[in-house]
Amino acid sequence: MAERINVLKTYKIFIGGKFPRTESGRFYQLNNRSKAIANVCLSSRKDLRNAVVAARGAFEKWSSATAYNRSQILYRMAEMMEGRKDQFISELVFQGVDKNKAAEEVDLSIDRVIYFAGWADKINQVFGSVNPVASSHFNFSLMEPMGVVGLVAPERPGLLGLLSSLCPILVSGNCAVVLASEKLPLCSITLAEVLATSDVPAGVVNILTGKKEEIIVHLSKHMDVNAIYLTDNLEYKKLVQEEAIQNLKRIVVGNQKSWHDESVENPYIITEFMETKTTWHPVEIISGSGAGY
Amino acid sequence: MKKDIKPLKFSGKWDFDPAPESVDHINLKEQYGLFINGKFEDPQSGNYFPSTNPATEEHLSMIAEAGEKDVNNAVTAARKAYEGPWSRMSAKERGKYIFRIARLIQEKSRELAVIETLDGGKPIRESRDVDIPITAAHFFYYAGWTDKLKYAFPNRNPKPVGVAGQVIPWNFPLMMAAWKIAPALATGNTVVLKPAETTSLTALKLAEIIQEADLPKGVVNIITGAGSTGAGIVNHPDIDKIAFTGSTGVGKIIMKAIAGSNKKSTMELGGKAANIIFEDAPLDQAVEGVINGIYFNQGHVCCAGSRLFVQESVYDIVLRKLKDRIQSLILGNPLDKNTDIGAINSKEQLGTINKYLKIGQQEGAEMFQLDCSLPKKGFWCPPTLFTNVSQSHVIAKEEIFGPVLAIQTFRTIDEVITKANNTPFGLSAGVWTDKGSKIFNLTSQMRAGVVWANTYNKFDPTSPFGGYKESGHGREGGLHGLTPYLNF
Amino acid sequence: MEVFISPKVDKVGIEDRVNRITKRSIKKEAKLEGLKMALSMVDLTTLEGMDTTNKVTQMCYKAQHLHDEFPGLPTVAAVCVFPNFVKIAVDALKGSSIKVASVATAFPSGHSSLDVKITDTKMAVDAGAHEVDMVISRGKFHMGDFNYVHDEIAAIKEACGKSVRLKVILETGELGNLDNVRLASDIAIAAGADFIKTSTGKIKPAATLPVTLVMLEAIKDHYYKTGNMIGMKPAGGISNSKLALQYLVMVKETLGVKWLDNHWFRFGASSLANDLLMQILKQSTGAYQSANYFSKD
């Protein structure tokens, strides 16, 4: 019997819940041991524009979902990933990762999603505050999502790095525009397939592959992006910080030495993509405000 | 409401006699040097510039202008103090120094209030009842944090950042110094602070207090000067953190200067806050809140409620009440205890405000002002409101930083939320309604760092303050105000 | 059936405003002028179970001779007595411009039938009272029967006739909160009150600055709506000059200078007059005064 011809997968980008080809029509070839393994979209500034529009459009719904709901949706995402474990592993292997390490990475990635999913309805309990002001007012501070966050994803590990940096952005209600790893982009597109079939609303996560060098400046300049998480690629730090000034976006520069490290699991990174809002309201009769009338 | 009813009249009978606060107890030197390493010294250049009273244009004192070398000396002193006594001291002892500063400010509060008013033009009622008490309270609040930081950041090991460079504005000179210095010291940092060039005096009095408190030399350095001195601090390679309060324009220049470096930053920048009145609001208190929101400190407030949105069904009555309330305000000598509206801080700022008044009129908005005579000397602008304003008017978009209110109307809650958030700024907002569920809807939808519901322009050391979007980043005040001065 | 909807009041906002008003510094000529103005606005009051003809006569004499040693003083605005003493007061004040006010309508509780209240009112009016200070039915108010409260005030106003001015006492100390103070003010004004008044003096708290501010705002809104002025009378608990001046500042800055007149503003008080006199003398002579030098009637 003749050997079956494999059906090769076309890796497309992920915008607003759909999988368009890049508007540019360009691609780059991904190699493993000098063998071409996939053609990956070279996203353009227009793809970025579309991704930001999609993210902005999804923000109101995602940020106003109950924390319990967001938590469940992220947990559901982990469930879906569990079902696709083999695919993620083989894709990592395909891109040159050792098989055992790939399996370990996928397990850890799924656990990371569950870790952060659990923070959705706890973050404000830990980081919010009731402030005892010296007047007749009730005063409290809560954390709110910032809006649209650009994620310059870690180059490696391909799946673990992406999820460890993406989940802290999402869990509080932000929407993300991801510039995927250039060297290991395949898992990000497969993750997009998970997202597309999970309960994560369209537009909450948008994933662009391509050359970071080409898009990062446009992401940094974009007036409708509220924050950028530059996880590595620190060679772009000055550029990103300078271009971000036009609308004073928040720039979070990563200092994570290893994405496998347990220290990745902390809530402080979630708060980096949140704003503190303080609310005042009068309270009748607090000691010091003459009782009675 | 009947339209032809005469406005209420607030003068012409029982007008109050002048009630000026006495100035004979204050102690101002003819000349102030730079406070570096625990003592006042001459600037290397020998240059001094005058500080004047904006209400009278009278000369108050000569202020040293710090140059590059002076900045370097201050940073060096701060670094030495940071690596020396300050980081070796136990947190508890550090706290006791800060408590001591708080107490000394309370003891000298009247003198500080008078100098603040002389130097900046703000009414003595405000410097006495707001600026100085909050200044003392801020030190008092943060003093208590020094030995409790581990409870503020569970599972973390917070460490001071190092030397903080702090540049503050002229609208709340001493209070801003407190907002900067108190959390920096409480978290174990040392400080180089530069007050605004038009309002250096209370910061220099604070330097004297710090001397009196016997704080180890170099922990707080206060150097005076204009923009170039500030730039010297921002660009100094041995500064670990920049804390700036001022305009969004200057904030962007600073962010550009430190881009790519390892300097941390907090920015408290401009605002164009929406104050929203619904038909079911307690209208008289809302009107009072609007007055307090925009005319407090002559509108020189980054969180001033400079855009008023009134639901159409109560627009006529609210406007009438506002106009009458404006006419009952007293403009004049800032030292007079009855003065509501003091002097504009500087000639330059008055020029800016007047430019916007002109633009507003040219744009077709209708201007209404307090009917009063302005003092012959000094810089003055009567409380002003504009009607016939739309979102596209310049006076509804740009920060004026003066006593100028732009009024618009709205019909539905969705409409007003959209309009309120339709700005690059996001420092503060105000909402007025009697209905609880509506309040929580609005306060959560406002993209702003401080939301006042049925109140406005309240400040407290325990209450985090700071903006969204182009109003800056980082928080000052409260537990959240510790974070910007710590590394984890 | 009328529906009464009143604007809401935020108590903390009211207190903020009051706080600002009390920080006004009234000095020199303005102080003297204010003290004299306050004196001219006093309703000198005796409303005791043990009131007698002699007591009322003595008070009326005092009303006309506040402190004869010091010329140029105004007289008080009115004396305020129970209906059965109106005739005595009218006679005692003959020839002066001081008005006679009488409480009525089953003062202070207001618990009686409308007929009795009307009779009570007419008794005072027939005896020559220029002003009637009625109490509202707080029980009915708390039961939500605002129409009853309104109609009763309207009936008493009718009984007063055109020339007698009606002051409506809300007894704010029994109303429970400032929203109710505002609502009761609006009802009283709608029913024809010439004045609204805080208290009987028999319930604590009586007049306070926050309550007065709420009532002044009701008067202001009525003015905006109709152009008509309504008078205001805080009563009870105002015993010193400093507080009286704070009330006047509040009137000035809320309603304007037109209300700074005893036709539109009164203090219901008994001991305030002597304190005002002492302060006026202090302001004029520079010496702090002793109560022993001021007659107590």
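When the chains are written out, they are named A, B and C in that same order, and each has its own residue count from 1.
The rule is short, and it goes like this: contacts are C-beta pairs under 8 Å (C-beta built on N, C-alpha and C of every residue); 3 or more make two chains touch, one makes a residue touch a chain.
The shown structure was predicted, so the numbers you read here are calculated from the model rather than taken from an experiment.
The most centrally placed chain, judged by C-alpha centroids, is B. When every chain is reduced to the mean of its CA atoms, the largest separation from chain B belongs to C.
For the pair chain A and chain C, the distance between C-alpha centroids works out to 68 Å. Taking each chain's centre as the mean of its C-alpha atoms, chain A lies 36 Å from chain B. Computed centre separation for the pair chain B/chain C is 43 angstrom, with centres defined by C-alpha atoms. Looking at chain A, residues 137, 282 sit in touch with two or more other chains. In chain B, the residues that touch at least two other chains are 454-455.
Annotation for chain C: residues touching 2 or more other chains are 10, 12-13. Residues 7-10, 12-14, 16-17, 23-31, 33-34, 37, 217, 220-221, 223-227, 248, 252-253, 255-258, 260 of chain C are the ones touching chain B in the complex. Within the complex, the chain A residues that touch chain B are 126, 129, 131-135, 137, 139, 141, 144, 146, 226, 237-238, 241-242, 244-248, 250, 266, 268, 275-282. Those residues of chain B lying in contact with chain A across their complex are 137, 154-156, 248, 251-252, 255-256, 258-260, 267, 269, 424, 439, 443-444, 446, 448-455, 458, 460, 462-466, 468-470, 472-473, 475, 478-480, 488.
Chain A makes touch with chain C in their complex at residues 136-137, 282-285, 289-290, 292-293. Considering their complex, residues 1-2, 4-6, 8-19, 125, 129, 280-286, 288-289, 292, 317, 320-321, 324, 328, 337-338, 434, 454-455 of chain B touch chain C.
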